[in-house]
Structures are given as structure tokens and as C-alpha cells.
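Next up: the structures, one after another.
There are two complexes below, and they share chain A, which is joined by chain B in the first and by chain C in the second.
So, the complex of A and B:
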């Protein structure tokens, strides 16, 4: 009977096009508004490192003001000092470990390969990182691989390009072994990674949770030779005289993000002991004035600690659902009007053998069809809403203001569910009407 | 076929209780053609609605084809209505945006017949009422008499044993009324029991038997067949 009910529903919708359009519009607008905010929240709440959630840890060390903990939910600085990062990199306990920060600069083709000058230099978002970055975050390579091991501690002018950068500079060709010019210095391309855009950017929530990922990757050992100052937050808790780059590297300023991969309980336990011993050593040297404390947060915990989705976002969710509810109340009224106009037909059907349940089902299917149409239009409205968000946020939410298939299916599901809920009462009302009244008066 | 014993039906509002049927008793035998007459408001339509399982009696007993249907639930009543009862209404009650084929299809859908069986039955009844060529016409494209013939076809499609007609010729001119009446008589001859409510004494007399309802009760019962013979003579 479902097919029969659907054909009746379509016929009924065609019979009252204006009323039907109003109902579809009510559902579509409600679903569009709700799905725009739900999609943003869903995309913002995702854990791009979920597949490694049990083995990856963001590291925090509580080397901060003895009188006042750092002002964030973890009560520890988000980043570590350069000198601590260098010390920690010497540990052989983690399977992989990464010290890194954001940087950037102009990049262009090597002049020998750009004789016509057709490729103009452009500013590239860079990540200065130790070599394990690609292995730790499971980033696949299109060509080549990471730089050599000693590049973490000595200045090696090697570079890994993102796929989009490689497309820009080399038209997507295998550029391994070719030379690019970064900040006026030649770098040899050793690898090209596949498109990698985790969203939220779990590995670096300090610099815009939803910003685009780095376009080039440079070895951690370049700091001294390039006197690299990070493009990102540098925080400190006490006044320090910084007169040279060495002062910067030796300061208590925190500006390095640190991640480790610990695959087993035994490894985790050993690393905790190692960190405890490390902090005790530092305390013995007069550092780490606060009580001994460090943090190892899984990606999912890291996202929560950093409040990637905050209370306002959740409130917006509820508001959008409340708006959907208002639209549904309107849809209920319209459905009731539409169905009661068909009470005489329902009476005839009852006389011809339709049970109340059959009449109820028929009208509920009609509500579902309205919901399906509303859902499809709702998806278009959601896409328009997300496009508006992208435009208003000027790129900040580009990576999350988009719909995946799951959210599209959810939109249709939400629309059908909403319309079925809206249709329950009108369908019940018409199934309860006394057919004999309409049979005599029709 | 139909047996009502002391059936009562009352409607209650906040301030008043109306007794539509009071201790209403009637028996209609298989194959009979019974006409029901009576003044407006006497309870004819209420009787027809209860007989057609569209309403439940307030009290008393109703046996349809030997089965007590007084207290059946909605699903069973709907199934019985679909299988055993056909309705013909004064206002035809065709669904305006369904063509003739689809109108006749309605009760067959609820019966659960497959598409082939439904098509066979629809074509058969359309032929019986002489409207095969109009199968894809909408009701509005037909005359009143033709619409009533479609309604009769729809009532017959499920091959009911019991046909309830409420003023089936009330909206028709005399020529069309006669044609519809002849069709009903033909259907009755083939074994279908018919109960027809009418205001027209000529039509009432053409039934085997006429009962009068006054103030919710059967007022007069007489053998119409005997009268019919006398009138004919």
C-alpha cells in the first residue's frame, strides 16, 4: 500500500499547489536553518585524528607562574619552550614525537627553473616541524618522503610541499629533487604530501582551529640558521631580557607544540615516568616552580580542552532547533487545514473499506512526502546558509562550512521526521472523523 | 443476511440527547430488495450507517451474515465493510481527482487484490454499467446518471453480498433514475441483497418489501411483493 499512498500523496500535493508549497517552504526553512547550525557544529565537533585517538597525545608541561596557573581549562600552558622541546626530542620512548610551530614566507621556483618569470612568488603558510610529523599524523606522500633524520637538529635545507603547492609550482609533477626558493634560500624538495586538511586542525588549535593546513613543511633544525620566530602565539609568564636569538631559544617563552605517539600501556607508563623525571631534573635547576604536573591529552580530549565547540555554538544549535519547532507548528496548522479539506474523501474511503489506520497511514505518508520535498529544498537552503557563513567569516570557517553526505542524509531524515511529527495530529484527526457526516453532506 | 434486534442509537451533546433509533428491529433475508422510507429525521440514514458498519449502535444486537458485529473493532468492521457491503450514495461520492478506473480501484486496494485481479474486476464492472469507454475520464466529465453508474460499479467491484443505497436516484432526473433503478434490480436478480433508502414512493414500491421508519422505529412492515403484484395487475 505504500506505493499507493505515495501516488495519492503526490496527487494531493498537485491538487493544492499553493498550500503544499507553503508546507514544503515551512519545513525547508526550518530544516535549512537548523541544518546550517547543526552542520557547523557537527563539522566543528569532528575529531580528524579519531583513528589514532588511543595512541596520540598532546603534551603540556606546567612550567608557569608559581603564583597563578595558566588561564585556560587545563591550567597549563598549551605549548612548551624550545629548550624543553629539544630535550624531549632526545627521548626514545615514543614511537613518534613531533615538535613544531607555525611559520611562513615567500616561496617561488628556483630562478634557474623560472627563467620566463611566469611564476610569481607567493606567501606560503609553513610548518616547522620535526621529521616524525608525517608518520605521527598519518599523512600519505604523493612523492618522496620526509627529510633525513639529522634535519631535526642541524640546518638541512630540505622541504616537503603540500599537493596544492606542488600543483602551483610544478603543475602537479613529481618535484622530488627539484629546488624551490623559500625566503630567498634554495630548498630541495624531498616529498609532496597528498591533500591533508584536518578540520578542526587538531594538531594546531593555537592558530585558528579551522584555518587551512600548512602549504609547506620545513625541518626543525633550521631555527638557528634562519632565526625563525613563530607565526603564532608566544607566551611567557615572567619578564625576560631577549637580546638575541639565542635568548629567545633559551627563554621560558612557550611557542612549540608537542605531540607524541605512545602505542602501548607500558610505553605510556614509561613516558609518564620519563616526564616526571624530566620535570624533577628541571626543578633541580630552578625551573618549573609550580607543583609537578604535566598533561598528555588524546586528540578528543585536546579538542574539548581547547573548547573548539563552545557554549555559544551549542546555544545556537538549540535556537535553530527551536526555530524548526516554530516552522513545524506552522506546518501542523497547514496540514490540518489541508487534511480536513479532504475529510469527505476520507469518509468515502472509510465507507469503501479503509480502516482508521489506513486513513491515518495514507495521510502520514503525505506528510512524509512533504517532508522529503522540504528536506531537499532544505539542503539547498543549508548550502546557501553555509556559503553565507563562509563569506561572512572571510575564510575562517571554510573547512567546516560545508556539508558531507552524512549531513545531507541527516537533513532529509530531519525533514521527514519533522514532517511525520507534524503530520501525526492532523492524520490522527482525519482518521477519527465520522465518515457518515461527510457521506450524506458531500 | 441482516438482523437487528432492539438496536438503539443516540447522540449526546452537552445539553441534549437525541434518540435516532429506538428498539429498532429488522430482518433482511438474503437476496431481498428492501426499500426504506420515512420522513426526514426519522432515522433512515442512521439505520443505513449502522447497517453499513459506519456507526456503532448504542445498544442492541446487530447480526450481519450471522456474525454479531455490534462490538467489533474498527479494523474488523472495516474489513467486513470492504468484503461484504457496497455503498451507493445520493451524492455519488466519487473522488473528484481520480478517474473512473481509479475510483473503482479504491475498495479493491483495501481488499488487497493484486493489480491483475483489480484490473479484471474494474473492466468487468465498467462493462456492466456501460462505461468501459470512459475508464480514464474524471467524474466531472460525466453526467449525473453516469456518475451514479460509476458509483454502482465501484460498489459492485468487490462483489459484495449486501448493497446499501442511500437515495441513489435523489440527484437524478426521471429518465436517469429509471435507468439506475433498473440496474439495481438487475444486480438484485443476480443475488445481491439490497437495502435502499428513498423518498420516492414509486421506487419504493418496486422493491420486494418496503419498511417505514418513523421516530427511529420500524413503523410498518408489509410484503411489497404482494402489493407489487396488485399494482401491476
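So, the complex of A and C:
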């Protein structure tokens, strides 16, 4: 039966090419606009750490101005101070814990290995981090592994490369044990990680949620020897006399991102108690002037709190859904016109014994066909829309403005669903046709 | 004469179709109206004067390859070299504004205060700062070579004078007499005298609510967060950019150099707003087009359906223009209904956007203009089919369908 209805539908569509094209175009444009923004929102709402959502926590400590809370939805600074990070790293409660921040500098092959000499140094985005980073965020190694244990506290010149940096410097060979030159200092490669580009970059949301992740990884113990100032936000709330790098490290400036992995309820409970104790201890020393408060946010909560999907994105989402609604109303009107024009035909079919249900489903199938065609063109329009967004955003949204197969299927699904919805009333209307009127005029 | 009654009773028989068109027009008005205010706001935001010579400025920075590098020495040598280059009007070492990166501070008008700071973005620069940025001095003086200190963030240095933007001056001193007054950092008693006021500078973050409150201190900062701000003679920036890249690498090859046009950086900063403008304009035009097509389609359909009646009317003596007028009036009535519905819907939609997404309020005038345009489009869409209807011959009356 369905096959027959489809062939009827195709014949009917071919008979009114202009009207049919109009309807397909309306659905396609509506679906294209809606899917472009839905895809953006869907991609921006992804959580790359979903598989560890129950055990990972972004840590915040409320060591801020006693007179007013930090000005963000969490009312706590996003990052922690260097000295707190160093103290917290001593705790043995978390399974893994990471203190880190963004940095960068010029990198090149070691002069002795740069035989050709044509490789110019380039600026690499770095992540300065304690050694658990790779275990905590589940980043697989292509070669080697993380640096040695004392690298979190002493200046160990070891480096982990991203896959693409390894490709650039060593043509993708196993480079473990070889030397690169970072900021004029030799570093031994101890590991190369597989391509790792979470988007949104959940582990580092205050340096552009959709930016590329780091190209090289350096140990947390290097701060003093390189006098590292972070390539990220440094925030403070009180006047401080900074007369040396040591003052910077000992200051109340927040610039370190901190994550912990807590696997069991018991562990979480113990860590909460530990943090409470830690803050009390600091209060006794005259720090942490605000009411005792800390934050442990799961990756999913962290993405929400940081408003990764911003107001503009969500507003576009609403607008494009309203747009799709207009296209739907348009399709209803056109379908109604088209079906009523064929009322005589339906009348004859009814007189020959077709049930109302049969006439109804036949016309619904016809709307479905229009939806399918609209959906396919809608996918093309969505791809064009996303390409436009990538271009307009000048590279900032490259990692999210793309369509996966799930979104393509959703586009077709949305198109068929909307065209069936649009077809409901016209099909019902035509199925109520009174056959006798049409038989008479014939 | 207007045949309103027969039109109404004919419309009543097609009430669903007519209502669908009206609803379409209404929704379109709601979307177009709200999109228009957003577009307007973003365009105005981007078009704001920045206070600096955006189109003439080239920025450059370098990263030394060696670990212990004398940056201050490099600044001196580089700037001496840059100022000699052809096409360069002025150059300084500071930090490029309008790029989304910079630093801010809190300022007070009395010493030892810690609550109620006036926020501002802060820059450092030498005596060429105002000239290199192409800013306009409206009161006081620029920095002189004697004012400039070489300092670093960890040297505990405090400025003793500052230049502020007019906006920051007005915020700090409501009486309008900022020049010569002293300002203070949080909790400190070191007075910083305001020696000059510049007309405008949007600072590092033009989209922040505090943009335009900017303060400049006389220093050359030994920091990795610096830019050479080089103002080229009009029309020379590409040539200057190329020259800078070449000469900076040539003077000291042991560093990675990056040269950019300030305008490109600003475009990048506004990319999000620009996307909204383009996408919303696209939505508005596609939507209008779709609605127009819908109206054409439906009018054509109604006319074909009523060919016989039109023939009868013509046979009974109705003129061609009477037939066209009938369909145009019909369209007008539908459009009016749609626009009344739409005006209400636009307000409701706007309330939602304003409360959820902090979008600007939709003024009635914008709604009215959008409504007029939609009205026109609706009539234009009905015009061609209506004129064609007038060509239906009276002989139609005698034929069966």
C-alpha cells in the first residue's frame, strides 16, 4: 500500500511542479536554519569527559575579597592561587589531581639534531601541569608516558608532545628520548600523546572554550627556574606588593586551574573534610576572609557554570525554531491549497470505496515525501550555513561548526516530522471530502 | 467603492487558509522586528569610534628563543630601528588595545580605600604613546621622556602620574575637574596625578560594560605581554607590516616575530557580533522571501479556484480593475490581521529575549517600520496574480471547470 501511495504522491507532485518546489523549498530553508543553530548548540553542549562525569571535579576555593564575591555565576574565583595549589597537591586523598595553567614559548629541534637547519622555531601553546594530567583526563599515549614523579616539585626538563607537534618536529617518529629546544633550554621528550582535542575544551574554559588544546606539556616544577607567568587570566582582589617572582608565587593572585578525581563516596567525603580543614587552617593564618566555601563541580556542571553556550547561541536557537515554525505554517497553507485543488480526485476515490483513512494516509504520505526532499536539501543548506559560520567566526568555531551523522539523521527526521505535522490538517480536511459534490459536477 | 462585505464572506469560506497566511505574516513580523533591533544594536556597537587610529596601526611582538633575554635592551634597539623606517609615523611599546587581551585595575579618588573602586583598563607606554595610538589629547599634556620609567610587574614600581580617557575622568570626578587631581590604587596612599586627558580609548575589551574607562601610565614594562604599536602613514600599513617583519627578524634572528594589522585583530574581536548581524540579516531576508512565496502561491490558488466566479462577475459588468482590486483588498485584510497579531507577538517575543538574553527593547517605531515593509511585500506578492486575474475572460462564466 505504501509503495502505491508513494507513486501516487510522486505523480501528484510532478503535476504541480511550482507549488511542490515551493513547499520543498520552505521545508528545506526552515530545516536548514534550524539545524544550523541546533548543530552549533549541540556541538557546544558536548561533554568530552562524560565517561568520567561522576568522578572528576573542578575545584574552586573562595579566597576572595571579604567585601564582595567574585563577579561570576559561581560567586567564587575560577582558579586557585599557586601556593594553595602546591599545598593541595600534597594531599593523598584524590586518586589523581592536576594543577595546571596555559603557557607557551618558542620551540625548535635541538641544534645538534636539526641537521637540515631549515626548521624555524615556532611558538607552541603549552600546558604547564602536574604529572597526573594524562591519567586524570584519560589521554592515551602514542609513545612513552608522563614525566618522572618529582617533576611536580623540582625543575625537571622533560616534555610531552602532542601528536601534531611530534609530526611537525619528528615526522611522527617515536621521539621518546630525543631532545627539543624550548625557550632556549633543552628538554627530553618523555612521551607523545594521541590527538586530543576536547571541544568545548572542558579542562580549560577560561582561555576560549573552543580554542585548540595545547601542543606541548611541561612539568609543574618549572615555575621558579623559568619565572613562568601564565598565558591565561591572572586575577587578584587586593593590593599586593610584588617585588620579585617569589612574591608573585606567594601572592593571592589566582591563576592555577585545579582538578581532582574522587572515585568513591567515601573518598569524596574525606576530601570535603580535608578541604574544610585546609580552609580553617588558612583562616587561622588570616587568609580566606570570606565565609568558608569551596566548589567541586562535575565536568557537566562546570560547562554549565562557565556558560559555554552563550546567550547569543541560545537566542539564535529560539529564533531559528520560530523561523522553522513560519516555514511550517507556510507549508500547511500550500499543502491545503494543493490538496483542495485535487478534491475532485479524492472524491472519486472515496466514491469508488476508499475509506477516509485511506485517503488521509495517502495524503500524509505525500507530505512525507515533500519532507524527505526538504530534509535532504536542508542538510546541504545546513552544511552551507555551518561553513558560513566558520568563515564569519574567523576560525574560532572550527571545532564545533561541523555536522556528524547523528545531526544529519536528525535533519531528515526533523524535516519529515515537520512535513507530517504540516500535512495533518490538510490531509484530514481532504479525507472529509463529500464524494457526491464532485460526482455531480463531473 | 470597496466591496468589503462580499470579500469578508468569501474569506470566511477559506478561513483556515486566510488565517494561516495571517499567522505567517504575524510570526514573521515578530521575528523580523526582534532581529532588527538586535542587528541595529550590534551594528552601532561595531561602528562606535574606538579613539585610536585602527586602520593605520600595525602591531608587532616577539618571543625570544633564549631563556634570559634582555627585553628592555631589545625594546630600545627595535624602537630606534622602527622609528627610522619609511612610512612609520610613530611607534611605542605598550599593548595593543581592542584585541580582547589586557589588564584592568581599580582606582580611587582618595588614599587607602578598598571599597567602591572605579574600574578601568590600564596601559603602559612611553612619550610616543598618544601619537602612536593616534589618540586625541583634549586636556593637559602628553608624557615627556623624563616621565618614563623602565619597570616590571615584579619590581614593585608605582606610577606617579597618569593620562586618563575623558570617560574615566568623568566617572572619577563628577565635577568635571579631573586634570591635576590625584588617583590611588586600592589600599595605597601613593598619589598618581592626572596630567592629561584623551578623548577616547575603548581599551582591551570593547564589549565590556566598562569599555572606554582607560588609564595610561608612563612606563616601559619588561613583560612578555607587550606589543609594538606602530602607526603608519595613511595607506602605508601593509608596506610597514612587511618591513617590520623583515627588519625585526633581521635585527635579531634569535626570536619568533609576529606582526598583525590592528584592524584584523579588531575584526576578530567583533567576529561574534558580526556573525549575529550576518546570520540574522540572512534569516530576515529568507523569511520575508518564504512568506512572499507563500502569499503568491495561495493567491494564485484562490484565483484558479474562482475562475468561474470571476468570469461571471466580468460577464455581469465588473471592470478589470474591480477584479484586481478585489484580490488586493482581500490580501490587505489578511495582512492587516496578520500585522495586528504580529505586533502583539513581537512584543511578547521581545519580552522573552530581553529577560532571557539581555537583548534591547523593541521600540514601537521599529515594529511599525517592519510592519509597513511587510505590508508592502504582502501587497506586491499579491499584485501579479491579482493583475493576471483581471485577464480572465467573461466567457469563463459559460464554461464548466
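Miscellaneous remarks
Here is the rule we go by: the second predicted complex is superposed on the first by the 434 of 442 C-alpha atoms of A that agree within 3 Å, B and C clash if a C-alpha of one lies under 4 Å from a C-alpha of the other, contacts with A are read in each partner's own complex, and residues count from 1 in each chain.
Simple rule for what comes next: a contact is a pair of C-beta atoms (placed from the backbone, for glycine too) under 8 Å apart; a residue touches a chain by one contact, two chains touch by 3 or more.
This one's a predicted model, so the numbers in the text were calculated from it and none came from an experiment.
Among chain B and chain C, the chain that touches a larger number of residues in chain A is C. By the touch criterion stated above, A:122 is placed in contact with chain C alone, chain B being left untouched.
When both complexes are overlaid on chain A, the residue A:19 reaches chain C alone and has no touch with chain B. By the touch criterion defined above, A:285 reaches neither chain B nor chain C.
In the superposition on chain A, A:171 makes contact with neither chain B nor chain C. Judged by the touch definition given at the top, the superposed model places A:332 against chain C, while chain B stays out of reach. Overlaid on A, the two complexes show chain B and chain C touching the same residues of chain A, namely 441.
Residues of chain A touching chain C in their complex: 18-19, 22, 25-26, 29-30, 33, 67, 105-106, 108, 120-123, 181, 183-185, 226, 229, 238-239, 241-245, 247-248, 311-312, 314-316, 318-320, 322-323, 325-327, 329-330, 332-334, 336-338, 340-341, 388-389, 392-394, 396, 425, 429, 441.
Those residues of chain B lying in contact with chain A across their complex are 45, 49, 52, 54-55, 74-75, 78-79, 81-83, 87, 89-91, 93-95, 97-98, 106-107, 109-111, 154, 158, 166.
On the chain A side of its complex with chain B, the touching residues are 1, 4, 11, 15, 344-345, 347-358, 434-436, 439-442. Listing the residues of chain C that touch chain A in their complex gives 16-17, 20-21, 23-24, 27-28, 30-31, 34-35, 38, 63-67, 69, 114-115, 153-156, 185-188, 223-225, 255-256, 258, 267-268, 271-272, 274-276, 278-280, 282-283, 286-287, 290-291, 293-294, 297-298, 301-302, 304-305, 349, 352-353, 356-359, 400-401.
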